[in-house]
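For clarity, chains are labelled A, B, C and D in written order, and residue numbers in each chain start from 1.
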Amino acid sequence: MIATESVENPFQPEPARIVRQYDLIKDHRFFQIRHLDMSRAMSFTYNPGQFLMLSIPGVGEAPFSISSTPSRPGIIELGIRRTGRLTDALFRKRDNDIVFIRGPYGNGFKIDQMRGKDILIVAGGLGVIPLRSILYYVLDNRDQFGRLYFMYGARSPEEMLFKTEFFQLREREDIECLYTVDRASEGWTGEVGVVTKLFKYLPDIDPEGVNAVVCGPPVMYKFVIKELLKLKIPKNQIQMTLERRMKCGVGKCGHCVLDHLYTCIDGPVFTYWDTLHFRELI
Amino acid sequence: MSKTERIEIEPLARVEGHGGIRVEIKDNKVQNVEVRILEGPRLFETLVLGKTPEEDLSIVPRICAICNLSHKFAALRGLEKALGVTVPEATQLYRELMHHGEMLESHSLHLYFLALPDFLGYDNAIAMAEKYGDVVTKALALKKFANKVMRIMGGRMIHGENPILGGFGRLPDHRTLQQLREEAEGFLPFAMETIDLLASLEVPDYMERETRFLCLKPPHDGYGYYGDILLASDGKEYDVEDYKSVISERVVGHSFAKRGRYQDRPFTVGAIARVLNLGDRLTGKAREARDRLVNERWYRNPLYNNFAQAVEMVFSLEDMVRVIDRLLELDQPEIARPTRETGVGTGGVEAPRGILLHHYEIENGLTVSADIITPTAMFLDDVEAFIRRASESLLSKNELDNFELRLEMVARAFDPCISCSTHLVTVEFE
Amino acid sequence: MPHQLRLIRNDVAPAPTFQTGWVPTVRILKMEPKYFQAFIESLDKFGRVYAPVRRNGVLTWDTPERFEEIVLGGEHTMIPVKKLFHPMRFDMFRFDDSGFTPDYSSSEKRVIVGVPPCEIHSLLRLDEVFMERPVDPYYAQQRRDSAIIGYSCLPGENCFCRSTGTDIVEEGFDLFFVNLGEFYLVWVGSSLGHDMVLVHEDFFDDSVSHDDIKKYIAWRKKRDGMFKKSFDFRSMPDLMELSYESPIWEGFAERCLSCGQCTMVCPTCNCYNVVDVLDISSATSGRRERHWDSCMFVDYSLVAGGHNFRGARAERLKLWYTHKLRAYASEYGKPACIGCGRCVEACPVDINVLTVAEALVTMEVPAR
Amino acid sequence: MSGTKTTTSGGESKGRERPRLGIYGLTGCAGDQLLLIHTEDHLLDIFEAFDVRSFVMASSNPVEEELDVAIVEGSVSTEEQREHLLEIRKRAKILVAAGNCATAGGVQAMYAKDGSFAERMRRVYGDDVKFVTEPIEGSPLDEFVTVDYYLPGCPISQSQVLALLSRLLHGEQPEPYPHPVCHECKLRENRCLLLDKKFCLGPVTLGGCGAACPSNGVGCTGCWGPNPDGNFEEHFKLLQSFGMSKDEIIRRVRNYGGHKILQYIKDLE
């Protein structure tokens, strides 16, 4: 009993304006976009950890994590690395140019499960982009969560994304910021080494009371999870967000399939418990 | 023009490939004329050595995209002779249909898009379209139709692999044939309008000189584009297997294409040779067209080759209808199989621009020798001769305006497909 | 063909999945063979008729020029009926500077004649993917616009649909013809099917006798005895799970040509790629196309920046078989394999559900 | 949401100069240029969208200046062509190699680097000829210059060349298509020739041709060049099981493989 005329086309891209953009570091750019239709822009909401499909007509469409928090509505923020045809085209766009988006897609982080808990955010490199969303969500709803630890490892101080923002966070008392770089440069006084080296700075925690969220390059997960398990954090309280090739965002095209799950609808956030069942996951 | 001047026309615009004409003039006298073929050597006859006929059939059409199906057809005729393959009537007719497609495609491209702009004084067909929009539109449609025939019979537009030893990989259904028949009939009026247009043109005479014409004589009473007998305008006939004694070849340093001669003199092949040698076999509208256009000057003036192409377009459209009508009566043919693995054969086909000969020697299923003589290789010496004549007559009349363009027109009239001139002699295999 | 139980318990009606209407009870009718052609020819008023016909030597779903062209009752088409619902290539949108406009023009009213039970099952499997919210409007429209006329078949050389439970069908058709030789039993599966019957009511007889039922049961028995291939599907999920690290994957990967034929011919494979094609024009206009894709191809899991989650051939093979034999079942409670045997016929190097299933048991990659 | 139409502030393309295009042929059959001419419906679009500076096969009076895009067909087969290519490269921002000759060397490169070229030249032309330009064994463009985009095939495919041109027109990059011929072959609903033990290079050859040969019952000859993901070893074993010798398989794979096939078969030869 489907009348196509009245069915929404889930693949329909909607126009959005690039409100502002600037380079984070070389080949990494920050975009603020807003639906052209103002009422749509104001009603648009999402969960931290969700993503958008972004199109440039004639070039194509790809998924991008939302880096802003729904607690600050009206503007969608994306952090994008220039890696190919679509991002090349996107980087040529100027302020006020139009791109096309649809979404939000994916499950997002399990906020309900995280409420009342201590939050441990572990980001590696580009992985900080989706985690920035949950980071600010927690900060904006500070009373709903316990202690907040934010670990971020970058290759070098120069390659830290959102460096100014994140350095300012260190001045807040309601968050513990731990940063590390693989290679220090002059003036860097923080930790040097991979992100797992930061775990030694964690105070004693009650593992049952902690929710960890992890995102980073594929090689990072194994090592970080080992540390989290050492802390005895329950497997279903470890969440990670994954990247996969996607062509639809709504569980049809098949590309992001992991076992019987689709990264686009059952993910991109999975718990470590999930990955034990689906060995291909990480 | 008192001191030595060298006129170079390079590249030869709108000639497919890499031709260049070099004319050396000293004290108002033509010293030297060279049509240079500087496209690199490809050594096709060595490429097929040790290969199966199936591979030969895939490799040799790559000599020239424009007449790729002529090469395929000639190779099929040569290889089938060598291997004792006799194709049924329907297969032969499908091949004729295919060949009509290529003939129409090539002639329409050359006549409407390359030659007519010259006659009418335009840079290209797009410029010509402003005043002759109707002609260009219809010509485009005709060419498209011809491409369709090539695509259906060849398998794709260029280098289709549908024609195979003994038959075809895939044949069109009756519905498709009917459609092609209707379309062919539909283009006849336009082809006849073209005859009217040509009849109204003035054809310059600055290059005129006597020459001889060679073509293949069809194995039936009618006009046609293949055969096993070489027919010369002097009335002589030769078995195509003896082609080496009829057409002598030589190598020149300014050309990777070899040069053929008949009785030690340059000669002309192509549409004009066919219409002159076989024109009295034409019937119907094609006969009307031929009678309307042909005159004594054709024997001296290569520009009439374009007129001959127009006559052949009419013939091809009419003959396609005949071929399809017969095919609709016949069952789909079986693929004919080789009866031997060792043998020798020369396949003769009239490519759009003239006689194309493919000679193969097969031993135990593998190619031990091959010789391919392309039409361009046959007429290049004659092109040089006509260019020399044109230069001399223009110089003597002191007509130096558009000198290069007028020489180019002469070369272009031959419809030289330069890429197909990369050609070789027989390689004797030890 | 419909489940035997339905013959007697006609109070439980199959849900008419995608037709507009509801039939309170299953009607089972009889038809004499002499009426069959006229009946099929009468269906064109419900839409353009598609059926298995031979084109260039290959059986394919296409529009028959004549009734005689239709091939029914056994041989499979090489490409399954999914191509009529999930087209190999189509335009999803036209775009220009002002945005994307959906293109639904590829759909038309159709009557698909001769769909075997396994392929009806395959459509129900595809429904699980495409009709799940959010509904794929392209697929949904093709589904809504198509009537399914099922037709019974006898197993071919490589059929093993008894093992996958797809040799019988309870839903997903408008009419279903069981060919018993001397007559047809015709199940009416939807109100549209009922409307079709009404056009030539005189062809049908609604008094199915006890004797007819006995003939049907005998035919079922005979058919059940004809299967030459089978495999134990129920143990597959566990076996797949246990074999995740098995060396057989590497063994099959050495042999696999990654040609993707298995996925193209598989009635339940639904993967696609989306590509924007610009017009040759200075304006930014063009179309967004959808094409069949395959998880056997190297770029299937390749993301921008060059990371390939399934660069190794073994990973790609494992994904497909895991998906067919375990993962889909965990999600939807039934295998994604419908036992048609197309992969058995299509693979030039004998990698298919049967050889893989066997290797999972023997831990040996069978010789070719 | 469905059918959303909005007026936007316009893209970057507005008011931009048309990109300058040059189309050139070196040694080959001219089929790739001819194919462009055969795009009838799109040829005028190409001339409209691009400023076609040089395309001597289709239009006279070429203007040999700076180019945004140069499409070069054919192999480098003489010293003069090598120089011509270097000169085009200098003028062109983007260089596209079109066709098997330009991308792999063409059929004339089937004996690539086996040392027989001089002898074969001698066989064909004799000992004494001195040509005005030195012949070179057919070589792909990237032996001498950097190539930005490849359009493989003998000939190239109309849809691929139009897709490339339309992307370049907007300053975008083309979509890669790294699938074997078998992909399109199955979509044409052909019976797999390998099942009938017929020679076919489909699985080890890049697709894009629309399965031109297998659709006519003729095995793929490999003209799109090697599929880097191809399982060459296994495919050769399969063909050997049909009764073909390894030499014959290598010979056939080299017919259109030219220089590019060598790296894939070096361990198999």
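To be clear about the criterion, a residue touches a chain if its C-beta (ideal position, glycine included) is under 8 Å from a C-beta of that chain, and two chains touch if they have at least 3 such contacts.
Predicted model only: the values in this text are computed from it and were never measured.
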Common contacts of chain B and chain D?
none
Contact-richer chain pair [A-D vs C-D]:
C-D
Taking mean C-alpha coords per chain and comparing to the overall C-alpha mean, nearest is chain D
Can you check how far apart chain A and chain D are, centre to centre, with Cα atoms defining each centre and the answer in Å?
42
Just how far, in Å, is the C-alpha centre of chain C from the one of chain B?
52
Distance from chain D to chain C - Cα centre to Cα centre, in angstrom
38
Calculate how many whole Å lie between the centre of chain A and the centre of chain B, each centre taken as the average of the chain's C-alpha atoms.
66
List, in ascending order, every residue of chain B touching at least 2 other chains.
170
Can you list every residue of chain D that touches 2 or more other chains, as numbers and ranges?
2-4, 6, 8, 11, 166-167, 170, 172, 175
Per-residue multi-chain contacts in chain A, two or more chains:
7-9, 12, 15, 58-60, 85
Just spell out which pairs of chains touch, all of them.
A-C, A-D, B-D, C-D
Could you list, by residue number, the parts of chain D that touch chain C in their complex?
2-8, 10-11, 13, 16, 18, 42, 45-46, 48-49, 162-163, 165-167, 169-170, 172, 175-176, 178-180, 182-183, 186-187, 189-192, 194-195, 202-204, 228-231, 234-235, 238, 241
Residue ranges of chain B in contact with chain D within the complex:
11-18, 36, 38-47, 50-51, 54-55, 58-59, 61-66, 68, 109, 113, 123-124, 126, 140, 143-144, 147, 155-162, 164, 168-170, 251-254, 256, 417, 419-420, 422, 424-425, 427
Give every residue of chain A touching chain C within the complex, in rising order.
1-2, 4, 7-13, 15, 55, 57-62, 81, 83-87, 100, 218, 243-245, 247-248, 250-255, 257, 259-260, 279-280
Please give the residue numbers of chain D that touch chain A in the complex, ascending.
1-4, 6, 8-9, 11-12, 166-167, 170-173, 175
Would you mind writing out the residues of chain A in touch with chain D in their complex?
7-9, 12, 14-15, 36-37, 58-60, 85, 88-89, 92-93, 96-98
